[in-house]
Each structure stands twice: as C-alpha cells, then as structure tokens.
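Quick notes on the structure that follows.
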Amino acid sequence: MSLRCSAARSLPALGLVLLLAVLPFILPGPFYIAIAHQILIYALLALSLDILVGHGGMISLAQAAFLGVPAYVYVGLSARAGLSPLPAALSALAAGTALAGLFGVLALRARGLGFLMITLALGQVVWGLAYRWVDLTGGDNGMRLSARPRPFGLDLGRPIPFYYFVSVIFLAALFFLRRFARSAFGASLRGTRDQPRRMAMLGHHVFRIRWLAFIYSGFLGSIAGVLFALSFRFISPQTMTLQQAAEVLLMVILGGPGTLAGPLIGAVIITLVKTVVSSYVARWYTVLGLIFIGVELFLPEGLVPGFARLRRRLGAALLARRRPA
Amino acid sequence: MSAALELRGVSKRFGGLVATREISLSVMPGERHLLIGPNGAGKTTLFNLITGDLAATSGAIYLFGADVTRLSTRARVHRGLARTYQVLTLFPHETLLHNVVLALLGMERGLHGVWRPLSRRIELTERALSALTAVGLAPSAHRIVGETAYGERRRLELAMALAQEPRLLLLDEPLAGLSREERERVRSLLEKIPRSVTVVMIEHDMDAALAFAERITLLDRGAVALCGTRAEVAADPRTREVYLGV
Amino acid sequence: MSAQFWLIQTLNAVAMGGLLFLLAAGFSLIFGLMRVPNLAHGGFFMLGAYLGATALDENLPFWLAALAAALGVGLLGAVLERALLRRLAGNEQGQVLATLGVAFIIADLCLMTWGGNPLSLSPPAWLMRAIAIGGFFFPAYRLAVLVLAVLLAVLLVALMEKTRLGAMIRAGVDDREMAEGVGIPVSRLFTTIFFLGAALAGLGGVIGGPILSAYPGLDTDMLPLALIVVILGGIGSIGGAFVGSMIIGFIYNFGIALFPNFAYVILFLPMIAALLIKPEGLFGRVPQ
C-alpha cells in the first residue's frame, strides 16, 4: 500500500517532468520557448519566496533583491572583471545568500505588518543603490552580458539547450523543496508560523528557525537571479522595483502559499497574463493591481488550496449521495 | 540541595498596574506545589514570568540553583522546564502525533535538517507514540487536533509537556472544563508523574488540587498571602477570607 | 563649502522635513488606528501633485489648487476605505495587499493621464523670490513650506488633544478593543481618518510640487520615506511623525548633497539604528 501511495504521490511530479521534457517540441518557436524558461525562473523565485510566506508566515516585499543582486554580481564579475562563469555564479549565490542573512537579522526584529514594511524598505534600499551608484552598476542604463557560457560544449546561447538547462535546475530545486516541506526543519518553521510562543516554550529557537528560512529562501532566490542574468543577458534597477517584488508575491498568493504547485501555477498565470496584456495594451500595472485586489477579495487562500477544498467538498457530496443506496 | 524553583522578590508591572508584587517562593525537588487564589491574583502571570514569556520588572528567578532571570524561554526549557496552558495553544491543523513530535524536536540541540523526511525518523515517531500511549491517546494519534474533543486536547497538552522529560512542570488548570469522567482520568495521570519531576500547579478544583498538593501558596492581588503545608493553608482563616470574602 | 551652502541646505532639509510630515502624519494615524500600513499613500501624494499641476494649468490660484487636490485625494481615500478596505475587515494582511494593488492602479492611471514627462508646478508668484536674512538669501517658498508644516502640525496636535474626535482617535490608537468596549465607534472613525490622511498626503503632493515636481515614480520614492519616518517616530504619534520627518529630511537632503551614490543607504541607517535600539520607535508604544 505504501508503494502505491508513493507512486500516486509521484504521479504529478512525473507528469511535470514529462511536460517540461516535451514542451520545446510542442511550442511553435523560440519566442515561446523563451517565455517557457522565463516562467520557470519566476516560478523558482516564487517558490523561494514561499519558504517565507507559505511555510514561515512572513510576507516579504524584498524578494526581488534576490533576483537582482546575484544577477548584478554575476554580470559584473563576468563582463567587467572577466571572471569565468562558474566562479562568477558561485560568487553571485554567495552574495545573494549573505544579503538574505542581513535582511533576516533586520526584518526579524518586527512581526506581521511591521515585518512587511521593513522588507519593503530594505528592497527599496537595494533598488536605490543600483539606481544611484552609477559607477558600480551603470545606473538606469544597467549592465550587459556579452554571451551565455558554453559549459561542457553545451551552447547555452541556443534556445532549446538553455531551456533544458533551466528546466533541470528548476526540477532539482522543486525536488529539494519537496524534501524541505517534509523535513524536521520544515515542520519547525510551520510551527513558528502557527504558534511562535508555544514553539519557544517547546524549546525551539524561533529566531534561528526564521533566520535560516531567510537563508534558504535567499539561496534559492539567488539561483533564480543567476538564471535571470543568463536569460536576459542584461540587468538594471528595473529588476528590483517594488512592482517586481509585488509580482512575485502575487504569484505565491494567487497560486496558494505553502504548496509546491501554487507558486508554479501562479508564475505561469502571472507571466502569461503579463506577456499577453503587455503586447496589447500598456496597462499591465493596472491589471496587476486589479488582480491583487481581486485575489484578496475573492480568493484569499489561493487557487491550489481553494481548488483542493472544492474537490473535497464535491467528493463529500458524491459520497453522501451514494450512501443511501 | 538547591530548590527546583526559587523566586526572590519577583515583581511585574504593566504600566501603572502591578500584576505581581515582591513574590518570593521556593519549591523543593520532587514537591507537588499548588498555587491558589481568586481570579486576577496573578497566578498565570507568575507562570509567564517563570517561563520567560514575560520579563520580570524586578527580582530574580532560579531554576535548580541557577539564575535564569535574564535567560530566554528556550534556554529555560532546555534546563528542564515545561508547561501546559490554561487556554490551549496547540497546533490545530496537525495530527496529535505531529504535535508531540514538535515538542520532541524542540528538545533536540543543533540544527534541524532540511533533507531527511520527518516521517522517516522512526525513533521520534516511536517516542511520540509512547508519550501519547501514556495519556491514553494512542488510538487518536493520527487524528487532526481540530477534530478532537476538548478533553483529548487537555491530555495532549500533558503528553507534549511530559514527552520533553522535564524536571520542573508547570500545570495551568489541567482540569479546567473537563467532565467528571475526564477529570478522574487526568487526576490519575497526574498521580503517575514520577517523583523526579517537580510539579507546580494552578487549579480551581479544590478536591483534586488538595489531594494532589503537599504545599500550597495562596496568592492575593499579586502578592503571597500565605504559604505552607496543605493542612496549614486549609486551616488558616485567611484562605477562607480571600476565597469567600468573609 | 561656504556658509551659504550649509544654510541653504539646512533650509532645504527642513522644507523636505515639512513635506515628509504632511505625508507621514496621515500614514502614521491610519497605521495606528487601523493597524494597516497604507501602501497607496505614496500614490496619494503623487496624485495630489498631478491634480495640483492640472489645477494650476487651469489658472487656479495656488492655494485653491492645493485645496482642490487635497479634497479630491481625501475623497478618493474615503471611498477606498468604504468600498474596499471595509470588505476586508479583520483581514489585515488582505488589506495591506489591497492597498498595494491600489498603489499600482493609481501609478498606472497617472502615467496614462499625465504621461511620462515630469510636470513642474510653479509656486505662487509672491513666493518666487529670495528673502535676505542676516546677509544670506533664502528661497521664500521653502520658508513658507516650513511655516505651513509647523502650522499644520500644531493644528493636528490640537485636533488630537483638544477635540472629541481626537480623543476618540487617540483611544482607538492606544487600545482598539478597549475603545470599542467603552462604546467608541472605532470602525466609523476609519473613514474619517482615511479621508484626513489621504487629504494631507494630497496636499503634501501639491505643496511639494514646486520642489520635487510631479513625475512617474514619485509614489515609490515617497512611500519608503513615510515608512522610515513612522518606524523612527513610532506608530500613531503626531509628535513622533514631526520629529521623524525632520530627522529624515536632514539625512535625505545632506545625504544626496554629500554622498549621492549612497543617499538611500544613509537614509536607512537611522531606521536600522532605531530598530536595533528601540523597536517601537522613538515616540511610539509597542503596537499590540
């Protein structure tokens, strides 16, 4: 029974792997393949944010910094200092993770909405630095990466190899997060979300648990950041605006915090809507604002948990109908 | 031998309101100590001061001879302190077993892993199950807390505290709101707590509390009105005075 | 650098502090009473600036343009509270994210209506000159901004300390449950406070127009400043908002003048210091 159980649980994962594998052959051209890998990058960022929002109950508006800072470090070290891709990428991950540690120390002084305000302020500091420190960042003009690397002869400059490169990293991160959610640490983190004082009374180090959640979240987000730099080969303060942070948060909240599928589905919907809306009218931010308000009014728990509840209710209704027979 | 718990002149003020006033109290290892007093006497505040949920305005708190006044709640727990709550603070969306597992995880030193699934830590599950068995909840181990009866949750509180193998256990009204049947059940569980555990209890059920306690402290308006053996406190006119307002 | 430089910068700093006070006072009151940081507050400020620019284009006198913009933005705030935030009562997280949504919509509609180029607002003609004090020349408009901010601060403190409405607001900020318990209609105060806070922000936008001008992104430039002022000054305190605004006005102005690369970092240092030393703010109480 446990075998069948785990097989049933792995079914969606297997489906996702298959879907990602065949997607380049279904999609009509490189433009769509590029959108597909961008969705995966944003989904990875959303999943990293969900460690804080879904598992930790900490709503952060600073996650765009983990897209931008590692991207700046990677592009800066590659294009300006001439570092080769691997050390540049590792430095970028280290920088993003260290930044997460710093953000955690500062933001965790406050709880709830105070926390949200501080993360917003921290996000703006990083944006402001990128925007104003022109000598280092190129200011509003941003920085450019000349070409994607070619590890082991694999030409990441071509759309399909790069898509598979992103897919493999995304799946690895997803697998990690699945383990994370079921681990002792994941359980403790959700405990601090639901009953922080009780957790302290049970002997848990609440601050340390939350701070480590920042570290994990920042590390995963930084992976998305390096992929972002490789994908667009360009980085500017635009990547770290409040709007960008809010978009990622919306992906999590729309899809459903605390689920693996939620942030992924949220990223798919938001990125597709953004791409479609932007290509017809220039009013994306109005649409983004309306989605925010709509989700809060009508779908506060998010799509995935909302859908699961609907299904349970339908299932119970069917059972109830069958029972008298 | 040093006391399991010692309070020296502990006061707590909230702005102008004095919640506890110069409380001094000493509980010896193995003792069953009862805190009584009318509502608002400062009993639960005193528990919160002992656990570190609240910081004392003045005075000092010692656990097993060590000054813990400035230590965090967590540090006090790792020195052998555990408590149950009057208002239940469980994890309502999780199973009973998971609640106890969280209590066990809290006692582990070092970092929790992010890779190994919790469900594969067999020894943790077994210890949690045996803690639940001890309070008669093993059959309900996999039910969600939110779907269980009030009496079962009270016993779960006890199981979580006992699973931590404390040396000093604070029980905040463990019998409150229970049916006669459940009350007997919890009473017999309390009787079975080994003597290696010191127990301080707040309880309004006088029959049960008096049968359980050896020494009693009477609190009134945030101060110790009386402290002595069961017989002394029961015989003292001030007990009647405080309780009945005679 | 000459004495003239330092004096002018100091005046610029207090003028900026005055503008920040108009922005942060309402933000702080809304946060204190409703427990919700209104993330559309920067948008209110920007909308005020744009409305003021349009009113000035119609040749309205400056004071009337300022009044009209304040009234318009105030009404928008009241409507938002009634139509949106009230539906999310009890869900504070939902309320914050809804105000974030509103902020995006305001920003986008401003961009659509007024375009991407900055609009400058001219101050009233009688203030377009320099005043000589002790041999130094000061721009009259900035002095006027400071006077107005001090005047409004005094008025607001009087409103809070001397009137029945103020007493009810203070009670609600101190302890909402208690206030409701003694029969103060706290939730009816929400609309009032949202109107007042939004109107002050809108007024700040017009008053600030001649200094900052109206441009896309003014909202996200101002919102973090309001956050820092409130974190520094404490939540729900008018006096705290005033002192916090002046501190930030100084740091912002001198930071930009002396270390343009790091203006933002320098700006956030006091916030970080305040958090580490006194998490509830210099004048604030610990929020419940």
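Each chain gets a letter, A, B and C, in the order it is written, and its residues are counted from 1.
Simple rule for what comes next: a contact is a pair of C-beta atoms (placed from the backbone, for glycine too) under 8 Å apart; a residue touches a chain by one contact, two chains touch by 3 or more.
All figures in this text were calculated on a predicted structure; none of them were measured in a lab.
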Exercise. What's the chain with its C-alpha centre farthest out from subunit B?
Worked result: C
Problem set entry | Chain-chain pair with the highest tally of contacting C-beta pairs | A-C
Seminar exercise, completed: subunit A and subunit C have mean C-alpha positions lying a whole-number Å distance apart equal to 33
Problem set entry | Whole-Å separation of chain centres (CA-atom averages), subunit B against subunit C | 49
For this session: Report, in whole Å, the distance between the mean C-alpha point of subunit A and the mean C-alpha point of subunit B.
Result: 42
For this session: Would you pick out the residues of subunit C that each touch at least 2 other chains?
Result: none
For this session: Mind listing the subunit A positions that touch subunit B in their complex?
Result: 176, 179-180, 182-188, 191, 194-195, 197-206, 208-209, 212, 216
Seminar exercise, completed: Per the touch rule above, subunit B residues touching subunit A in the complex are 51, 53, 72-74, 77-78, 82-83, 85, 89-93, 98, 101-103, 105-107, 111-119, 121, 160, 164
Exercise. What residues on subunit C touch subunit A, complex-wise?
Worked result: 35-37, 39, 84, 87-88, 91-98, 100-105, 107-109, 112, 220, 223-224, 227-228, 230-231, 260-265, 267-268, 271-272, 275-276, 279, 287
Problem set entry | Touching residues (chain side subunit A, partner subunit C) in the complex | 59, 106, 109-110, 112-114, 116-118, 120-122, 124-125, 127-129, 132-136, 241-243, 246, 249, 253, 283-286, 288-293, 295-297, 300
